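Each of the next two complexes has subunit A plus one more chain, namely subunit B in the first and subunit C in the second.
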Partner chain A sequence: MKKYLNIYKVTLINELQYISDIILGFLSFVVMIFIFLNLWNYMYDDPSSLIEGFSKSQMIWYVIITEMIWFGTRNKTLINQITDDIKSGSIAYTLNKPYSYAIYVIVKNFGEITIKFLFYLILAIAVGLIFVGPIDFNMSNILMLIPVFLLSFIINACIRIIISMLSFYVEDAAPFHWLYDKIILVIGTVFPIELFPKFLQPILKFTPIYVVNYGPSKLVIDFSMNSFFTILMAQILYLIFVIILLSLIYRKGVKKLNVNGD
Partner chain B sequence: MLMEIKKELKFMLLNVKYNLAREMTNKITFLTNIIFMILNNASFIVEWIIFYSLKNNIGGYNFKDIILLWAIASGTYAICYIFFGAIQDLPKLIMDGKIDSFLVQPKNVLISILSSKTKVSALGDLIYGYVLIFIYGINIKNIILFTLFIITGGIVIASIAVIFSSLAFYITKADTITSSITSTMLNFDTYPDGIFKGIIKILFYTILPIGFSSYIPLHIIKSFNIVNFLIVIGYTILVVLIAFYIFYRGLKRYSSGNLMSARI
Partner chain C sequence: MNVIEVKNLCKTFKVKEKEKGFIGSIKSLIKPKYKKIEAVKDISFDVEKGQIIAFIGPNGAGKSTTIKMLTGILYNDSGTINVMGINPNKKRKKLAYEIGCVFGQKEQLWTHLTPYDNFKFFGSIYDLENSVIEKKIKEFKEIFELDEFINTPVRNLSLGQRIRCEIVASLIHDPKILFLDEPTIGLDPIVKENIRTLIKRMNKEYKTTIFLTSHDVGDIEKLCKRVIIVNKGEIVLDDSMENLKYHYLNKKIIELKMKEKVNLDDSKGITILKDKGYNLKLEVDTKKTSISDALKLIDANNIIDINISNVPLEDIIKSIYKGEK
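Take a look at the complex of A and B:
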């Protein structure tokens, strides 16, 4: 466990050098929020009306939170590094190391996104308060939101690693990442599941959208103990499922690995 | 002058042809990139179906107009990254001093760099754009105008990216600035301009010129207007000239990274 903590610490310290890159990336986040702010302002003719039970400020805060998760946790390590390690064969060097490659990547990812996420969290709160105003939020809920957000990040990282490990089978896993991106970004960040047609809603609850985006964001804008336990339970089950899938793909994939000596 | 432009265009097309031939060596990856890009773009339809289930008219656009907007956006992006695919690498090449091999070629340096790479997935964008224009309404006028406007739009996006990339001759972080500007343009131009108000509309016709690459072309395809048509053509020529001027001015400050490499 200590070795993983050290990997986390080293990566975190290393990331402190790239704070200016994080700040320059704020532009895209602010642009997306600005677009949806305008769009939802247009969609709500009457600011006091409700769409599927959501007020205008709840809807915009939902987008702010989902976009914050998207921008704050997006990391090239999960997308490019694993694919490059597999394609170049350098993943072979990790096979005889005293750590699990998958856990190493997850810990490294957390080291890389910690500062970035905290910056986006501050920016998201600032943007929300300035452009939308405060929403009904009980500060004591923060303790319950922390595990939900952490599980969301871990599940997302595991799914990314699974997709990247498809490089064991196809040369380029990037197209599969695009599809996952769009599922999360288009279907998951723009509006809550309640806005989808009734017949689609139960299906969407089995997709990563529910545990990665919708769950944490919904709890921020409309918290209830009932939805907290439902979302937490879904996340735990999803995590078990992705861990089993990840270990299966990794074990099978490593056997297919061909390394050319250099 | 015209002969020179013709020669450079021929050279650019040859570059694209060889780029594609190189990418096609792995046919499965080549096809996967194209097919998944089409599916990737199609996912946005879901978003708009839901928005239009809430309201029939969004920012003056009906659902058919959104189809046309998406056709133009994906088409312009496709032209930009098929013919000028190395645009995303330009700031890094300048910063790392890696454009030596282009400087010694007896061809235009900027065109040589930009056309040295083709993004295969952009072919998926191009196919998607034409599929959408067929859905929007197929007739000779629409096809000709659409083809012309995705070319002018692609050139406008590439030129703006060159202008911002040229900052790399003077400052670091130009790569982050350029990618932020191009992704911002891409994010805006898939939403109706009618939902935006005030100062942001000025940006659409200045530093984020998606007004010229997407919005005016959309209105021309819907209802032809010769003045707007000439404005789009004139603006495209102007922005190309500015991009060349700024790039070559910056090039005087270029210093090599002294990296020995061969372009194969």
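Take a look at the complex of A and C:
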């Protein structure tokens, strides 16, 4: 366990080099939020009305939180590391170290996104307070939100790695990442599940959207003990499922590994 | 005691074959064709503890594939591998504690960190106590002369400095076997020499078994007592360095500088390698013609300078690669 902590520490230190990159990314975040702010201002002609149970400020805060998860946790490592390692052959150095390669990539990812996420968290709160103003939020909920957010990140990382590991089988996993990107971004980030047609909603609840970004964001804007336990339960089940899938794909894939050249 | 035992090792790669051009690419999309490449065919050998062994061969001979199977990165199709009593396919993590690898063309160090931080990191990966890591770093700092740059980020190091750090990072956990895959590639002669001395010293002090691949004949000649040559996935020679040289010692190179022009033709056991009138280079096969018989063909009074030498190891290896015996 200690070694994984060390991998986390080293990547964290490494990432301090890139703080200016993170700050540059803020710009696109603010632009995104500004667009949705205008969109929802237009949709809610009466500020006190509700759309599918969401007030205007809840709706905008929802987008702020999902965008924060999107920007704050998006990381090259999850998307490119495995493909790059296989293509360049540097997997030869990581595979014969006494750690699990999959856990190594996940831990490395967390080392890299920690600072980025904290920055986006501060930015998101600031943007929300300035543009929308505070919403009904009980500070004691934070304790329950932490595990939900952590699980969301871990599940997201596992799914990304499962997709990346497809490069053991196909030459490039990029198209599958693109597909996942679009599902998360278009369906999960922009609108809450409630806004989709009734027949779609149960299906959407089985997709990663529910556990990765809808769940945590919904709990921030509209907390209830009931939905907390439902989402937490769903996340735990999802986590078990992706871990089993991951280890299956990894075990089979690593045997197919093909490292050419010197 | 054998630290590596390999029996009847085979590995076949399936490689996609594509016809040329755009239409060929479309065809391969619809109906991909695969070609089987036998990278390693029935290789068997043993390595004893403390040996420095050269595992060489031309490009594409199957050297790296074999190393990668020995270190557990690739799975073999058939045959058995036993490294330190461990099957690399089944217990890759356990094996990792016993072996170290340096791939001259790849990087494992974290570029933003200093060598010192890197070593601490790699030490902790192998579950070493902090005090043990410190002790090891101190030791290696002296042996590998790292003092000057141990606190400079790796990205600012020269290639020679970096390779030294790469080797140290692979040694931090006291591996019993060190796999070196072209450790001196791209280095200047002085640094090469330096690294060879260090490898030798390490072999002596820690009794580390060293398994080396290299295209640099100097590496092989200066370091190794035993040579395995592979070509097209098969072992073509497995012998001691002395035997290898002795086997080809019957051929001598005579270089002559003459006062007057000589006219000499290829004859029994003598091959003219170079004839520039005053300067001559001959190869004499002493099994067919003795040196003295060869020299009788030349007027001794005309010789300004003479040099008789062995065939260089590089040529010997070249001829083995080409399949000449």
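What we mean here is this: the second predicted complex is superposed on the first by the 260 of 262 C-alpha atoms of A that agree within 3 Å, B and C clash if a C-alpha of one lies under 4 Å from a C-alpha of the other, contacts with A are read in each partner's own complex, and residues count from 1 in each chain.
As a convention for this text, a contact is a pair of C-beta atoms (placed from the backbone, for glycine too) under 8 Å apart; a residue touches a chain by one contact, two chains touch by 3 or more.
No experiment lies behind these values; they were computed from the predicted model shown.
Trainee: Look at A:Q17 in the shared chain and tell me whether it touches subunit B only, subunit C only, both, or neither; answer first, second, both or neither.
Mentor: Second partner only.
Trainee: State whether A:I183 touches subunit B only (first), subunit C only (second), both chains, or neither.
Mentor: After superposition on chain A, A:I183 lies in contact with subunit B alone.
Trainee: Where does A:Y99 make contact in the superposed view: on subunit B (first), on subunit C (second), on both, or on neither?
Mentor: In the superposition, A:Y99 touches subunit C alone.
Trainee: Would you check which partner chain A:I35 touches, where first means subunit B only, second means subunit C only, and both and neither mean what they say?
Mentor: A:I35: touches subunit B, not subunit C.
Trainee: Looking at A:M43, would you say it contacts subunit B, subunit C, both, or neither? Reply first, second, both or neither.
Mentor: After superposing on A, A:M43 lies in contact with subunit B but is clear of subunit C.
Trainee: So in the superposed three-chain picture, is A:M165 touching just subunit B, just subunit C, both, or none of them (first/second/both/neither)?
Mentor: neither
Trainee: From the superposed pair, tell me which subunit A residues show up as contacts to subunit B and also as contacts to subunit C.
Mentor: None.
Trainee: Name, in rising order, each residue of subunit C that touches subunit A in their complex.
Mentor: 13, 63-64, 68, 71-75, 92-97, 99, 101, 103, 105-108, 110, 112-113, 117, 121, 124-127, 181-182
Trainee: What residues on subunit A touch subunit C, complex-wise?
Mentor: Contact set of subunit A toward subunit C: 2-3, 6-7, 10, 13-14, 17, 88-93, 95-100, 254-255, 257-262.
Trainee: State the interface residues of subunit A toward subunit B in the complex, per the touch definition above.
Mentor: Per the stated touch rule, the residues are 20-21, 24-25, 27-28, 31-32, 34-35, 38-39, 41-43, 51, 170-172, 174-176, 178-179, 181-183, 186-187, 190-191, 195-197.
Trainee: Subunit A touches which residues of subunit B in the complex?
Mentor: Those residues of subunit B that touch subunit A are 26, 28-29, 32-33, 35-37, 39-40, 43-44, 46-47, 50-51, 53-55, 58-59, 121, 173, 176-177, 180, 183-184, 187-188, 191, 194-197, 200.
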